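The two complexes that follow have subunit A in common; it is paired with subunit B in the first and with subunit C in the second.
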Partner chain A sequence: MPNARVLRDIKARHGVNANEILRRAYLYVARNQTLPAQVRFQAQLQLNTFGRYTRPTTVKNRCIETGRGRGVISEFGLTRFQFRQKALANELPGVHKASW
Partner chain B sequence: MFSRSCRSAVSALQRSLRFNSTNSRPPAAATEPTLPTGTPLSQIPDISEPFYASSIVHGRGVRPPHILPKTHGIPAATLHFRSYHPNLLDFFVHFAGHAAAALGIPISKPVHLPTQRRLWTVLRGPFVHKKSQENFERRTHKRVIKAWDAHPDTVDLLVQYLEKHIAAGVGMRAVRWTRAPVGIGAKTVETVRGQLRGSDAVPRAQKVKALGEQIVKEEMKAAAGAPTTEGAVQHTAPSS
Partner chain C sequence: MAAVAPARLAALNRLRCEIFQTAYNPTSVRTGAKYLRARLRGPSMIRYYPDQLTVAQFNRMPGDFKIQNWEEYQRLADVEEKKRRGKGVPKKAKSPAESRRMSRKR
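Right after this comes the complex of A and B.
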């Protein structure tokens, strides 16, 4: 059973995917310098009503084994300790102890 | 792939035979029926199995492949091979060389491109102890073989054969040279435009823009007309 935070992250990813176009449209209006101020302001207010699971900043890479949010190596989706354990067990293709 | 004892035996044999290419071998005895090495398939006459088997150069599969001479120097293909395991890579490149020689394709010797090295330094422990870390690396070894002068169908055959029998752990990429008819530039642009139309990227940007204009219209109407309505507006998910 994945972490509670992992579940939240999954929810955020689904939400971002579903609302990306709508958010971008509102952002386009809100940041457009040529439009009148009131229209931009209204668009910004609408943008504020979106929930937190639609914001792309909520998405964070988490360890696929432990669900830890820090120290994650993106290429493997693993925390540094999990990466070390799997690397020493030869479970990561091509990864070996470096020596030079 | 091989057992430990086999691996060391093969590598020992390879080392001893590395520089004894079939090019420099002395010719076989006159009594034995032989075919010159590198004879293209088209020139081999209809022969029975015993004749062909007795004409095989012993150890040919282990020695470096025969490099056929270029006929015109026109590039046909460039084969890139990448792997994390250099022995496996060299083995498969050796196999690719023999396959090309069997098909009568002049090739270059395998060239070693610079090895890419990816390094990760991680803490040894799961918690604190920053001063004790461990280095892990992953080396990507690369080899290139260039093919010349062959018919495009022959090169197709080589690439398909290699893809079918590729060793697990080796990646191959083939860059091909083909002759194109006059007017190919315009046709290519048209094809690419058609593909763009079908893909997701362009309609998405258009959708965003269209939605934006719609939102602007609504807000302008609301601003120009009665006082603005309070409360959250219904957000409809866009139809994808």
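Right after this comes the complex of A and C.
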């Protein structure tokens, strides 16, 4: 069972996915300088009404093993310690400890 | 080499945009096109965490084969054991006076 922060992150990911197209449409209108200012302002107000878990910036890539949010090696989605353990256990293809 | 007139360059740009079907925007006005052009991030975002099959999900699947969730079983057994020894969850306070917060000494 993933921890609460991971569950929150999963919630945010699904929220972003569900609202992405609508948000993009509003963003397009709000940032389009060729449109009248009134329309752009209305679009910006609409953007502000979206919930917190619909913004892509609330999504954080956490460790897929432990849920830790820091020291995550993005290529593997693991924190540095999980990465080390798995690498030493030969669970990561093509990764082995440097020695020369 | 003679300098090319700016008007000629602008005409060239317009023609180039026409040929390659891109938006001709000589004054670099922000049209918000980048929000439409960018790929959607959502589909890859929801695929970040690998799917983990829980016992409850497994038991909800069709078929007769069910498994016992030993962790949940143990947790419930522990709760029962605590209740039996009088270490269970305290009763909900009916009035503010009953609540622990109120009865605490300053």
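Everything below uses one rule, namely that the second predicted complex is superposed on the first by the 99 of 100 C-alpha atoms of A that agree within 3 Å, B and C clash if a C-alpha of one lies under 4 Å from a C-alpha of the other, contacts with A are read in each partner's own complex, and residues count from 1 in each chain.
Assume a contact is a pair of C-beta atoms (placed from the backbone, for glycine too) under 8 Å apart; a residue touches a chain by one contact, two chains touch by 3 or more.
Because the structure is a prediction, the values reported are computed rather than measured.
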| item | value |
| --- | --- |
| Combined model on subunit A: subunit C and subunit B, fit or clash | fit |
| Partner chain(s) touched by A:R13 [first = subunit B, second = subunit C, both, neither] | second |
| Partner chain(s) touched by A:P56 [first = subunit B, second = subunit C, both, neither] | second |
| Touched partner set for A:G94, first subunit B, second subunit C, both or neither | first |
| Touched subunit A residues, subunit B compared with subunit C | B |
| Partner chain in contact with A:Y28 - subunit B first, subunit C second, else both or neither | both |
| Overlay on chain A, subunit C to subunit B nearest C-alpha distance, Å | 5 |
| Doubly contacted subunit A residues - partners subunit C and subunit B | 18, 21, 24, 28-29, 32 |
| In the complex, subunit A residues that touch subunit B | 18-19, 21-22, 24-26, 28-29, 32, 35-36, 38-39, 42-43, 46, 49-50, 73, 80-81, 83-84, 87, 92-99 |
| Sites on subunit A touched by subunit C in the complex | 1-2, 6, 9-10, 13-14, 16-18, 20-21, 24, 27-34, 56, 59, 61, 64, 77 |
| Subunit A-facing residues of subunit C, complex | 29-33, 35-36, 38, 40-43, 45-46, 48-50, 52, 54 |
| Of all residues in subunit B, those that touch subunit A in their complex | 84-85, 119-120, 122-126, 134-140, 169, 204, 207-209, 211-212, 214-216, 219-220, 222-223, 228, 232-233, 235, 237-238 |
